[in-house]
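Two complexes follow with subunit A in common, the first pairing it with subunit B and the second with subunit C.
What follows is the complex of A and B.
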């Protein structure tokens, strides 16, 4: 029961249509970011890239960029470590509370982020901590560390326990097994978890909104500007954050491709 | 051997468990505590009187709850129909294009939801991408299809598409080709194959995708704020307003507890049904 040529072509067209639907709003933002007019209206008459220069030169934008980068960077490193350890407990070892642990990991992912952000704000207040970009790191991790764990787990599930046992039978210590067998095998999963962690933290809004205190991340600033009226800097800064994510994804894909070429057997 | 695995499992699970205990479970307990306090207090030291819950019932907040659930259900149903053919093609028909689609769809997740919804405002508004070009080509303009209930559903469908698409594709890939072939050879129509073979066998994926979409959409508010111009107020929006403008933590907590109860029940039910080891392909 092979799918007919015609049906395949129709499905392909449908797939392209869905992709176009997903990217259409970004096309609008992109076009708006190069419009010369202060008040945007399509069709765009004059194009220029002055707003980009203005955005990059602005102290506010530089400060936002720096805070977003700090938060995303620390979230990435922490979720890679926690996700690696968590994935071994999630997928690899048989231990008593494995099933409850798996369920605990899934709950934060399902939880509405706005409510989670508010609950964390109350909790931070109750503990007497002043919210800043540092507390935002914690908030992001509540949601991102479980996702990182799941991503590494997918890799850990396909991993043959016999490899670790063989190393151990040949006299390797626990630390050597970890360093020589487990870490190299899970590395691709850990790297993609890191990539996801960075990108999800970089674009997150609902968790940052309540937990950054007086500091602000790029998505927060964009939202504040969006609801207070149109500013030509909104599409420009929006496009800059999109370009940042796209560059990182491209880097990740090139890295994955290069590794595949270098090691054709694995 | 077994002994060591047990210890290692516990040891490696510890960092994440302790972290989530302190930053996820503890705040929920705190919210639950606050929801029982008298209204407009900022400490937990008062006598619990559950008055916030009475306000939730008396002030018509149930409307926001109902709207959120209806919008989420609509978005889930529409997504199920839209995503099925594509998920089917990703699992069974496409070869290289599956990878292109996967990367293309995942990429959108990394762009802040705000920017994407703002992009739809620019696309749909009067003088926006669609209306602006249509008017300049044909001379006829039309009103922006923004700030109403259908556009909120549209926004939810747009934002949560990946959360339906991927579980669905995963579910459909678990339908063995032999079963479809056998049904076809025995004279089943395309419709019968869908109803009798594909839907039941892909059910785990359908359930996971639907629940994920429903739960996330029920807790959403950006769509109704940015696209819908608050044509309806969602429950998450009410929670935020009670905390921020209202400065009424117990009321906000009580509203949050209603949302948590609905979503939590669904999520816990789904998670308890799902066998993660089998779904993610654990080797015994």
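What follows is the complex of A and C.
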């Protein structure tokens, strides 16, 4: 089918509009982060990068980065492990309660995060635990581990059970089957589950708000500063958060590329 | 084959799933170096049987012996047998070489020795040696078959099992690989047990055919014997096109019998089995003579097949092209010699 010149021009304009809608806000935060002004205002009169130096030197920002990184890092690793094992239970092995498990594991994803956060806070209080970044890890996991399980399951569903049986038939022990066949074949799924887990935890606001207690993550601090006591550091820290996500996505892409180079699967 | 010392002996093997019995206490002896094909329609229990033999499932009852060792009680990874899977189950994250070496790697064989063996097996399967470092994804369907075979042979099993490995290939490639497999069996001298739903495949390759139906062996015999003397109408039909005539107390409804045929069939009741190629059109003399009209005519290359409506029922006749006489609607007489007729007695028939 041939598209007329008018149609293709309209398509192009539409595409640009969508991209502008998605990315202009982000670009403006980026511009604000290099503004010399003390208040968020447009157009920007003078540019400098002083706020970045100040942000990186600030104890508060360093602490925020460290807490967010700790939470996201531990959530990532835990999600990869839970996602791997969960996917085996979800997609590979038939057992008595598989059907209910498949449904129940997905339930937390459907709860509004604010409700989930509130519910978890009530439990944390009831158990007499003082909320901190450690309890936030648990809260993040309740929501993110099911997503990781789903991502690994997609991979697990697409692999032929005969591969494991063949390995066993050729003399592999259960552990050798896991090491030689199951883990390498599920690895791409586990890596992408880890990527998602990090991004979802790193940017999470509602669950952190309810469960970090006195500690604060980057998104929480950004929100707090916006509603009371705006600091010119806000857009700067915002851009640092985006940079963290972007770095990880880049790392993921490089890793995927390297895996493909080393051993193309499917 | 009641060999003095079979390599494999299955006795009263039973498998029940919940309320469904997939195998009803089957017995089987397989001789060393034999090529046995197990043939049956889907749901006949052949896949269940092979999964029990390699240890993927546990039998409900019965025993499997490999020479003097009872193997149904030992786990799959400890059994000295190996299977080529229907899906081939080649590891997509490993190269051709790594796939072939896999069983050797599990045994802790040194890399150099492993590679040597893998290259030998590539030679044996007539794959170029530079396939060693190829990806599985780069191999064609036929090459994958050969890699799967090489990997199974690297294991050096006492018995090599096959679970319909050729079923996904196109006709010509399948024909080539059938011959190669037969040739490989001869060269390696190993015992092959091959599961298939295709009788044609079984006939080309195997020494003996075991026909399965509803969780039991219907008949176990060399191909020619199953073809000529099927024990039941099921086996007869499974072995290709066939005509059934009803035999009661030595007489066949709608047919004239010669004195010789009358003597041979005297007092018998059951079903007569006549292959389409045994019937002749307008015979000079025959032991069994039928008549009817031609209902349809099909050209099969060098042969012609007719469907004939007769008082004895619908008959199928296959003759050489030069013997073709009648056209559709023409009345014909047809007949065959008593030696081409096989009678299945009523009791056997009922048991089936």
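Everything that follows uses one rule, which is that the second predicted complex is superposed on the first by the 242 of 266 C-alpha atoms of A that agree within 3 Å, B and C clash if a C-alpha of one lies under 4 Å from a C-alpha of the other, contacts with A are read in each partner's own complex, and residues count from 1 in each chain.
Going forward, a residue touches a chain if its C-beta (ideal position, glycine included) is under 8 Å from a C-beta of that chain, and two chains touch if they have at least 3 such contacts.
Just so it is clear, the structure is predicted and the values come from calculations on it, not from any experiment.
Considered on the superposed subunit A, subunit B and subunit C are sterically compatible, since they fit side by side. Residue contacts after overlaying the shared chain place A:160 against subunit B and subunit C alike.
Look at A:175: by the touch rule set out above, it reaches neither subunit B nor subunit C. After superposition on the shared chain, subunit A has more residues touched by B, the comparison being subunit B against subunit C. In the superposition on chain A, contact is made by A:95 with subunit B only, not with subunit C. By the touch criterion defined above, A:235 lies against subunit B but remains apart from subunit C after alignment on the C-alpha atoms of chain A. Legend: residue contacts after superposition of the two complexes on their common chain; A:138 is shown touching subunit B, with no touch to subunit C. Using the contact criterion defined above for the overlaid structures, shared-chain residue A:23 touches subunit B, although it does not reach subunit C. Seen from the Cα centre of subunit A, subunit B and subunit C lie 90° apart once the structures are superposed, a value rounded to the nearest 10. By the touch criterion defined above, A:184 reaches subunit C but does not reach subunit B.
Minimum Cα separation between subunit B and subunit C in the superposed model: 5 Å.
Common to the subunit B and subunit C contact sets on subunit A are residues 160, 165.
Only residues 1-2, 4-13, 15-17, 19-20, 23-24, 26-28, 30-31, 34, 44, 82, 85-86, 88-90, 92-94, 97, 101, 103-105, 107-120, 122-123, 127-129, 131-133, 136, 158, 161, 177, 180-181, 184, 212, 215-216, 218-222, 225-226, 236, 239-240, 243, 249, 252-253, 256, 259-260, 263, 267-268, 271-272, 276-277, 280-283 of subunit B touch subunit A when the two sit together in their complex. Residue ranges on subunit C touching subunit A, taken from their complex, read 54-56, 76-78, 81-83, 85-87, 89, 91-94, 102-103, 106-107, 135, 137, 151, 155. Interface residues of subunit A facing subunit B in the complex, by the touch rule stated above, are 1, 3, 7-8, 11-12, 14-15, 18-19, 21-29, 31-32, 40-43, 81-82, 85-86, 88-91, 93-98, 101-108, 110-116, 118-123, 126, 138-139, 141-142, 145-146, 149, 153-154, 157-161, 165, 174, 199-200, 202-206, 218-219, 222-223, 226-227, 234-235, 238, 241-242, 245-246, 249, 253. Chain contact summary for the complex, subunit A toward subunit C: residues 160, 162-163, 165-173, 176, 180-181, 184-185, 263-266.
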